[in-house]
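What follows is a structure written as structure tokens; I'll ask about it next.
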Amino acid sequence: MKIEKIAEILNEKFVGEGETEIFGAASLENARTGEISFVEKAEFSESAQNTKASCLIIPENFNAPLPCSYFKVKNPKIAFAKIAEILHQPKKQSGIHSTAQIVKTAKIGKEVFIGAFSVIGENTEIGDNTQIFENVKIAENTKIGADCFIFPNVVIYENVSIGNNVKLHAGVVVGADGFGFVRDAERYIKFPQIGSVVIEDEVEIGANSCIDRGALGETRIGKGTKIDNLVQIGHNVQIGKRVVIAAQTGISGSTIIEDDCVIGGQVGFGDHATVKSGAIIGSKAGILPGKIVRQGVWWGVPVQPLDEYKRQNAYVKSLPRMREEIKVLKKQVAALEVKKTAKK
Amino acid sequence: MKIEKIAEILNEKFVGEGETEIFGAASLENARTGEISFVEKAEFSESAQNTKASCLIIPENFNAPLPCSYFKVKNPKIAFAKIAEILHQPKKQSGIHSTAQIVKTAKIGKEVFIGAFSVIGENTEIGDNTQIFENVKIAENTKIGADCFIFPNVVIYENVSIGNNVKLHAGVVVGADGFGFVRDAERYIKFPQIGSVVIEDEVEIGANSCIDRGALGETRIGKGTKIDNLVQIGHNVQIGKRVVIAAQTGISGSTIIEDDCVIGGQVGFGDHATVKSGAIIGSKAGILPGKIVRQGVWWGVPVQPLDEYKRQNAYVKSLPRMREEIKVLKKQVAALEVKKTAKK
Amino acid sequence: MKIEKIAEILNEKFVGEGETEIFGAASLENARTGEISFVEKAEFSESAQNTKASCLIIPENFNAPLPCSYFKVKNPKIAFAKIAEILHQPKKQSGIHSTAQIVKTAKIGKEVFIGAFSVIGENTEIGDNTQIFENVKIAENTKIGADCFIFPNVVIYENVSIGNNVKLHAGVVVGADGFGFVRDAERYIKFPQIGSVVIEDEVEIGANSCIDRGALGETRIGKGTKIDNLVQIGHNVQIGKRVVIAAQTGISGSTIIEDDCVIGGQVGFGDHATVKSGAIIGSKAGILPGKIVRQGVWWGVPVQPLDEYKRQNAYVKSLPRMREEIKVLKKQVAALEVKKTAKK
């Protein structure tokens, strides 16, 4: 891709050679000739001046001279990510491996790739260009859209619906039974886990994460939501659009996370909680069952507004001083009382 | 199943048409003709009156008129779960897929299903009616009982013993090495991890959970215990009967959880702890190594009785007031001292 | 192995029969004739005296008479682990299963085992004696050293480099995309995740753990490091040599853990943190982004030195007493003030 083409995509001006071919994206330190890189902050000017990249994207307040062509833009990281996304599009294969097991009732789209030892169940649908890697199991009545990447060893149970441009990384499990049991006298009876899972377009789910099916209704992951590795999503959870959830977070049954929330790692949600649109929840926070979390930044166990959390921590840190003050007061009061008594 | 048959199973009376056929269970909102649903609380009478279900199970204090046949019972949720369990029995297949690798020394019971690309090791035994899905690896000398469901991509290492009616969801790993190393001068030496795992009847284990083998002895999961997704059970852990463990909880080596305990999600247990029968431990709690947790409800890090935890939290919340009170006292005492001095 | 051979390996003297053959290691309670066991502390003398083992390794302060040959050594557990490691070497197979898919460009070493349904990608290299179990996917341009164990259902993405004597337990995922997205107006753009993963010699990684690839650079796990199950290692994380990380811990992007650290279970690290060589971090601790953790023992959320953590907890526990003291002071001061006023 020529630099002048990049200019067109970013809708930004450049300084330097528009004809230069760019074939890859790299960090400032690792970039070689023909690669593009970016400078996040003007302070990194030394690394920038020593780069071997053929093109840089730099912030507006960057003023040092540069050894290559460059774009000066408002947000270099976003611009770089946009170009890198195009330069490093994941390779697509097509064709069905001879060992893959595809039943006749499966509807397979155009240019689909299905790798070795994958199993596609009855009445499934796989959309155009979708890439299903090796050792994947897709059970019956499941529908997968176009342009998806289903990495090796993913398991999708029956009656699951997956949109377009979805990425499921290795080991993801979609549609296993939710965790619902009712205690009878001498044993746990399974509450029926016969609902479904809907994963909307442009969702990405990290390795070994689990999305349980609804008990009677559905579990839903909204469009453009990004989920990290080893995350647990319980039955009937409803996650909105463009939500980000970091690794090892767990969300219990029927909890609702509205659009545009950002959830840190190792957060735990009780069941039937609601997180309002745009809320930010810090790593390791704990949300009690039924809790409603409003917009804002939240922290701690149980979760509270970040300001309150900080204030409370400061109070706890001041405990030694408080105890010392009480000790002094006790002495002073005792002294005052003694004088009083002495006078009588 | 006719309503009169349901009456027989529940040993309850009904009002309405005993001849009506019920083919499925659903929520009040989603139920269609021919389905049964339940009303958890009398407050939900509006949803109940608008349901399209052909039969409802309602609580004893429910008195609104209903558009369908119904059972009035003490615990509608349990009754519903019992009937749903029968109506929605997981389908069973039988036969061994042509691609599955079964060695001659394996003993395979009657009506067993083994899916594509599964591998069954030397001297294994698989009980009658057990369903082994695709891409499963069962290593040598492992014994699996009757009527089990081993979902896709499960891995069971050697010398593991699994009872009847056990469900292992996709991605479960049973019998990997425990985490035991001893530090010599310049490296960690592996402490032998050559014990076994015993999983008793009616255990269910959620997707991507891990049950490590014993170091020298055995790791044991007791009858009827239910374990959620992404749970870690360390070497030599002993879990009793009818224990419930929610997602992402981790239990370190040699810890004992006695019968009928309920453990929340993301709880962490140090090694060699003991949880006494019937204890309830809240989500995100932390139990120190060697700790003995008595019956009762426990919370926090380190774990303490819920009452104490709440009281302590209330004290922490009252810190701003305490600091204010100290400030006032200091002023008052200073004033008293000044007067004293002035008088002299 | 004869006892006199064990003496040679341990470089220790024994009491008893040097000719006795030892074929296995076991616990004191389970050991049978022909097995070796160990006594961790002199207090366990009763179990030791009742053992059926043919040889024991006992601590220096153990003086009770024994029914079998024995070694008296400084650290019985280390000596036992050394011998058990030799007695219980994991079996090695060789040969490539007829169903495994190996492309022509793959370079496979001598005495390699590749199990059924495993897939080895273009331009991979597999070192001598390495054991690749069933249903494993190794993507293109990946290099695996000699004497490794890659257990069933492991997935290794492209461009990963793995040293010698590495063990990856079932379900491990190496090289999936890191979790990096930048928010543009209406969607998240993926920040390029095109770096690599380097796993050095003698690393062991537990079941279902995930090691993400670097965004632009590399993620590295140093020589001799041991990682438990369900651990998450983010992009560009650098872990030193001989680090131990317990189950369910998560490490965010670009964090550095230096050599010889010991990290408990369920610990969470923010991004760009640094843990200095030899630091010990207790289970469930939380490390803020960018934090530098010095050598020492650390605990809590956010992490603090163990001493301070304990002191702070003690202060919190003393809150009821403090509040009582304030109450008393208030009464006393009120009384003093009343007298004062009365006198006027």
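Letters A, B and C mark the chains in the order given here, with residues in each chain numbered from 1 onward.
In this text, a residue touches a chain if its C-beta (ideal position, glycine included) is under 8 Å from a C-beta of that chain, and two chains touch if they have at least 3 such contacts.
What you see is a predicted model, and the numbers here were worked out from it, not measured in a lab.
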Chain-level touch network, classified as line, ring, star, complete or other: complete
Interface composition of copies subunit B and subunit C: same or different, split at half: different
CA centroid of subunit B to CA centroid of subunit C, Å: 26
Set of subunit C residues in contact with two or more other chains: 99, 117, 135, 153, 171, 208, 230, 248, 266, 316, 319, 322, 326, 329, 333, 336
In the complex with subunit A, residue positions of subunit B that touch it: 25-27, 29-30, 77-78, 81-82, 84-85, 88, 97, 99, 115-117, 133-135, 151-153, 167, 169-171, 202, 204, 206-208, 224, 226, 228-230, 242, 244, 246-248, 265-266, 283-284, 316-317, 319-320, 322-323, 326, 329-330, 333, 336-337, 340
Subunit C to subunit A touching residues, read off their complex: 99, 101, 117, 119, 135, 137, 153, 155, 157, 171, 173, 176-177, 179, 181-182, 184, 187-192, 194, 208, 210, 212, 216-217, 230, 232, 234, 248, 250, 252, 266, 268, 270, 286, 301, 311-312, 315-316, 318-319, 322, 325-326, 329, 332-333, 336, 339
